[in-house]
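Below is one structure, written out as structure tokens; comments come after it.
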Amino acid sequence: MDALLLQILNGLDKGSAYALIALGLTLIFGTLGVVNFAHGALFMIGAFCAVTVQRFLNLSFETIDETQKDFLGNPLKVKTPYVESWFGPDLGAGIIDWSVPLAILFAIPIMVLVGFVMERGLIKHFYKREHADQILVTFGLAIVLQEVVKYFFGANPIQTPEPNMLRGSVDLGMMVGFQANAIIYPIWRLVYFFFAIGIIGGVFAFLQFTTFGMVVRAGMADRETVGLLGINIDRRFTIMFGVASAVAGLAGVMYGPLNPPNYHMGMDFLVLSFVVVVVGGMGSLPGAVLAGFLLGILESFASTTWATTTIPGINQIIIYLVAIIILLTRPRGLMGRKGVMED
Amino acid sequence: MGILDVKNVNKNFGGLKALSNVNLSVRENTVHAIIGPNGAGKSTLLNCLVGKLIPDTGSVMFDGKSVLGRSPYEINQMGISRVFQTPEIFGDLTVMENMMIPIFARRDGAFRMHAYESVANESGIIERAEQVLEDMNMADKRHMHAAAMSRGDKRRLEIGMCLSQEPRLLLLDEPTAGMARADTNNTIDLLKQIKEERDITIAIIEHDMHVVFSLADRITVLAQGTPLVEDDPQNIKGNPKVREAYLGESA
Amino acid sequence: MSKNDVTRRGVLKTGAIAGAGVALPTIFTASSAAAYMNEPTGGSVTLGFNVPQTGPYADEGADELRAYELAVEHLNGGGDGGMLGTFSSKALKGNGILGKKVEFVTGDTQTKSDAARASAKSMIEKDGAIMITGGSSSGVAIAVQGLCQEAGVIFMAGLTHSNDTTGKDKKANGFRHFFNAYMSGAALAPVLAARYGNDRKAYHLTADYTWGWTQEESIKAATEALGWETVNAVKTPLAATDFSSYIAPVLNSGADVLILNHYGGNMVNSLTNAVQFGLREKMVNGKQFEIVVPLYSRLMAKGAGENVKGILGSTNWHWSLQDEGSKAFVKSFGTKYGFPPSQAAHTVYCQTLLYADACERAGTFNPCGVGQALEGFEFDGLGNGPTLYRADDHQCFKDVLVVRGKENPTSEFDLLEVVEVTPAAQVTYPPDHPMFAGGELGTCNPGA
Amino acid sequence: MLGLNKKDATLLIVVAALTLCAPFILNPFPTGSAMAQFNAGYPDLMQRFIIFGIFAIGFNILFGLTGYLSFGHAAFLGVGSYSAVWIFKLFTYNVIPAITLSVVVAAIFSLFIGFVSLRRSGIYFSILTLAFAQMSFALAYSVLSNPKFNLTNGETGLQVYADDPQWFHRDSLPDLPHLFGLSMRSTYSLELGAWRFDFNAGYYLCAVILMIVFYLAIRIFRSPFGMMLRAVKSNQQRMNYTGLNTRPYTLAAFVISGMYAGLAGGLMAAMDPLAGAERMQWTASGEVVLMTILGGTGTLIGPVLGAGFIKYFENIFSKINDTVLHNWFAFLPDGIEDFVVFIVHPFIGKGWHLTLGLLFMLVVIFLPGGLVEGGQRIGRLLKGKKKAPDSEDPEHHPKETPHVAE
């Protein structure tokens, strides 16, 4: 029972990341009809926004400490971040400590901008092209973005730790009456989960309750009709692309403390998130979210010792297996609509 | 007994009754038009005839054999060819290739692994395709990419492709929809010519009364998923029920 | 030369294609007049540095490349000479190798066996490399070693830690300076027992591929011999990026030590996750819960950041060592590049020097002669104390470092501290040890 | 000739001439010269050109003709390699049975995967093939390489060990893949002044096979079957309503392209008897997509060009480092030299992925017909200078947007 709960919990945070990326993918696909293979790269860029903010806050000046020696035996150069000298050591260190949450503020405009540039500069010209072309050009873009990041940040992962306050774990099991250590869960994973829920809720509310959202939803249902009404749907779609990009970026920013970002994290997530979208049903936002969490949880269950001893290697193939089965039995995914990307 | 017999066909989409109790009989070597206002179920009916949809109940018999449960390609192989509302042709292929494919399909069936033979050596097929193009007055366009042609030419090509298969029944789904007057008249002339020159049965779904009354031998009026009347064109014109349901609005 | 049973294949290796009448004169492209593959004829000799330049280990590859360039500089008499001055063998004069100027070509392994073999082949076939060296993973090392054996050039392995490299996949033309999983186990286990006691329950998470398995096997054997119990050993997919679902059940299992048989990105993430789950703050079975990372690398430790603090592991070499060789190397590397070298850099630098020295001592570049000079060679002054290149399996036997993540680093390089230098004798094993059984060294192949 | 029209026959002859003379063509620079770096005429790379050319030709039969974008074709290549190495391990180093089996096994594999995946089209098909390929990769990389049941030897790659049975091996035969005793590695080097040209047995085996399969590809392209495949790409709806069953056509194309991939895999193992799991990864499948698009989708020669281009990039371009750059730009004043090197640096050497990604994007955006279209445009430009532009150009037409996903 507790093991069960544990794996559901574990699935939730992985699922949160899947759901957020898939949500953005689906927004783009549903509104613009574009299959965006560079979406994983947006997630990665988000994570590197956090890295950049951290680097920026850590910009330092050097003082020479004669009492210590560096590795060559010369006097050690001690680095002090400017932030610490400006705001005092305590507040300065505190600011640096909170660099990941701070990065959210930085990431939103950056990601929206990246989204705009991508849409206006590239994707726009592919609305009328075949899906295969869209896949290919965004695939190329994903490679380019990833290589650019690697050029500046290197190939090794870079730590972007969570604030001290939110480090460590809580014993959820004890709260509900299990024995100690039965269900422990890292605080930041809880934060991530609720953050994801917040973002997902925000996006849905935005689409549901604003006129902007209504138009976009109408556009998702029938683009031409809305265009005929004289509404400038193109501009709204550009904004939607920015929103989707920001969602992916924020997912990335907050993911950093869970696993240190590296340049290929986008590709790692890309294939999975496409599977999520397809399983959820192309173009269905609730489907994407549902499938994200579902696959996250399934993946967790497949990695239990029980599962891997029953079927060796199941943890490696479960996602793909599920995708194949769903696609063959429910051709439109879990919640897909009729007529989306079909003949 | 006609060549195509539709008996008691019902089709629901969710709660919506698209077709209820449709009975229809198309006699051999006639032009049978199916008309009706928007949402009358014309397209649903057509889709039931060609295997795209399967009726909930009822039967569709073609030449004494049921078409239900067969896929579109099987039904085509039984002898029914279909012309779409917007011309469905092979846009990336040349006009000549467009014309050869249906002829191959008639000769070789639904699938044949002729991967080592050369198209250039298929003189029988080539001759036949050239002859149809000649008949369609399109011989000069044979090397064009089909997608680059005008809409009227695409329509002409599509009809030619269907005719090249020498179908027993030709289904036309609003063949002049969205066409300029001149193109419409050309199409009417073409269809008239086909009707006169060949032993062919045609079922046509149409909005344009001009087209219907120029061509049809027999007319079924569909309203709200049910056939209202089936009669000769002259009688339809005068039928008050039809006027009320359909002509009244547009007249 | 190896005195192992000469197999059918062994006979063929030397006679190679010459014996097959139908075949054209040569295998690969040595011209028929040459005595061996890619015999240098001009005033220079070309070495092939095959390192990961793209892919997840690109940073380690870059560090290896820096060390190679430094070694070439020193061999050609440039710079401050580095470890040439401290090396116990004095055969090298700083005038290249055997009087020929050392040149090099580089290739990108991409950390894929296919790509690594392709780039090695290109360096042999196109650039005339006489020796191939480098790499940052065992799969690649084994694949390239096999190729060099077939081609008839020497392979001086870079960073490869799997037992198989000098175990079941050992080759007469291949040599490994780096330590291996068995040695990690043998060095770590006593330290672990001394610090954490003999009554511990271990839980292994193991990367599901060749290296992971040999490491798990080695550590398990070494710790169990000291009285530890292995509660569970779970394989994790190599492509996994998040290990939470593997870490979460650890506390419930009754284990009080978690051993992470991971490397690279896997290690960074699994360790980060384990710390996140608060494992290190827990008390289990009345003992403090501990995490062990048997194979450490400073570059990876950097990726794991704060999380490595206090965590024990083993490493081949560390820049803070205070012997003359290490100091000389750190000085010349640090002066040239501005930061201290990694263990990968150290091992490939040593390999290059060892190769050059063997050529000098053998008086030839012929792989068979060089191999003979390396086999059973005892040396000192390269940073790991007295070292033996064992003839039976071409594995170096030297001291192994047990290290711990430093609590208060003074700089971004100062991440590990050496807690114990395990003497070579303690990590030495017989050549026929079961973990290394199954392979044949064969006989050397000069390629022509 | 051979049932081809004049244009195709010319193409075949040109390809044959190019492959047979490749050792000369690819080594234009004297061995010792500074430009020798750009020589590509060494056996390993020449073999790769051909092998990936075959792979891409096969992929193009599926993608170029039917428009079905498979992201899982590398799996068939990998399966082919594994089968070939198993033949080496169990029976003989002779390459004929190994290559034959690799084609057969790849055919069986692709029949199964194609049968399942082709139930769906568009992006669903792509994702299905991707899922299958990733599953195969995961299985090959770790699950099927466990000590109890070691089918693939995981990360290291499947290779031949001294204690393998090799039942039909005789001591007089080479201890490497061979063709009735002729080792695939045996090379004859011709020294002509400063130049050196390598004639490698394995390369010529690949070349002969390439000519055969290229010829077969031409036949398929010109056959009624090929026409049907193009019709599938153009309009499946019309296919169905014309009495044609698209499923067996696409499946046949899928299996044929799978067999080409298996053949490439088998040849790869025959040239170098090691089968690594990475060649099954989805990025490897992505690579063949890149090759095909870069060269020219749906054209005969395009995929071969694309394969050559990418492999050249991977093996030659990636080796240019800063030292080389400084040599090139040494004629510039120091400051400018450093600046130029600084600008160029991210794109060369280990940055070749970046350049490749950029190039690929540019091709997809501006040159949907790939290198072949680029060549045609240049050709037309040159012709256009001599005479007025042809208004009736049968090759180039505004393309209508398909309304269904291919």
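A, B, C and D are the chain letters, set down in written order, and residue numbers restart from 1 in every chain.
Going forward, a contact is a pair of C-beta atoms (placed from the backbone, for glycine too) under 8 Å apart; a residue touches a chain by one contact, two chains touch by 3 or more.
In this text the structure is predicted, and so the values were computed from the model without any measurement.
K.L.:
So which chain ends up closest to the centre of the protein, judged by Cα positions averaged per chain?
P.N.:
It is chain D that sits nearest the middle.
K.L.:
Sort out for me whether C-D or B-D is joined by the greater number of C-beta contact pairs.
P.N.:
Between the chain pairs B-D and C-D, C-D carries more contacts.
K.L.:
Report the inter-centroid distance (CA atoms only) between subunit B and subunit D in whole Å.
P.N.:
45
K.L.:
Where the centres are mean C-alpha positions, what is the separation of subunit B from subunit C, in Å?
P.N.:
Their C-alpha centroids are separated by 74 Å.
K.L.:
Rounded to a whole Å, what is the gap between the Cα centroids of subunit C and subunit D?
P.N.:
Here the centre of subunit D sits 34 Å away from the centre of subunit C.
K.L.:
Please compute the C-alpha centroid of subunit A, do the same for subunit B, then give the distance between them in whole Å.
P.N.:
Computed value for the inter-centroid distance: 51 Å.
K.L.:
Please list all residues of subunit C that touch 2 or more other chains.
P.N.:
Within subunit C, the residues that touch at least two other chains are 58, 208, 235, 237, 239.
K.L.:
At least two partner chains per residue is the criterion; list those residues in subunit A.
P.N.:
316
K.L.:
Which subunit D residues reach two or more other chains?
P.N.:
Residues 138, 142-143, 237, 353, 402 of subunit D touch two or more partner chains.
K.L.:
Report the complete set of touching chain pairs.
P.N.:
Those chain pairs satisfying the definition are A-C, A-D, B-D, C-D.
K.L.:
Spell out the part of subunit A that touches subunit D in their complex, as residue ranges.
P.N.:
My answer: residues 35, 122, 125, 128-133, 135-137, 139-144, 147-148, 151, 267, 271, 274-275, 278, 282, 312-313, 316-317, 319-321, 323-324, 327-328, 331, 341-343.
K.L.:
Can you tell me which positions in subunit C touch subunit D when the two form their complex?
P.N.:
Subunit C residues touching subunit D: 7-13, 16-17, 19-29, 31, 53-54, 58, 105-108, 112-115, 117-119, 121-122, 125-126, 137-139, 142-143, 146-147, 150, 164, 169, 208-211, 213, 235, 237-239, 438-440, 442.
K.L.:
Of all residues in subunit C, which touch subunit A in the complex?
P.N.:
55-59, 208, 232, 234-237, 239, 241-242, 244-246, 248-249, 251-252, 265, 268-269, 272-273, 276-278, 281-282, 284, 299-300, 302-307, 319-320, 330-331, 334-335, 339-340, 410-411, 413-414
K.L.:
Using the touch rule from the top, collect the residues of subunit D that touch subunit B in their complex.
P.N.:
Those in contact with subunit B are residues 3-5, 219-220, 222-228, 230-231, 233-235, 237-246, 248-249, 252, 256, 394, 397-400, 402.
K.L.:
State the interface residues of subunit A toward subunit C in the complex, per the touch definition above.
P.N.:
Within the complex, subunit A touches subunit C at residues 2-3, 6-7, 9-11, 13-14, 68, 70-72, 76, 150, 154-159, 161, 167-169, 181-182, 184-186, 188-189, 257-260, 262, 264-265, 268-269, 299-300, 303-305, 308, 315-316.
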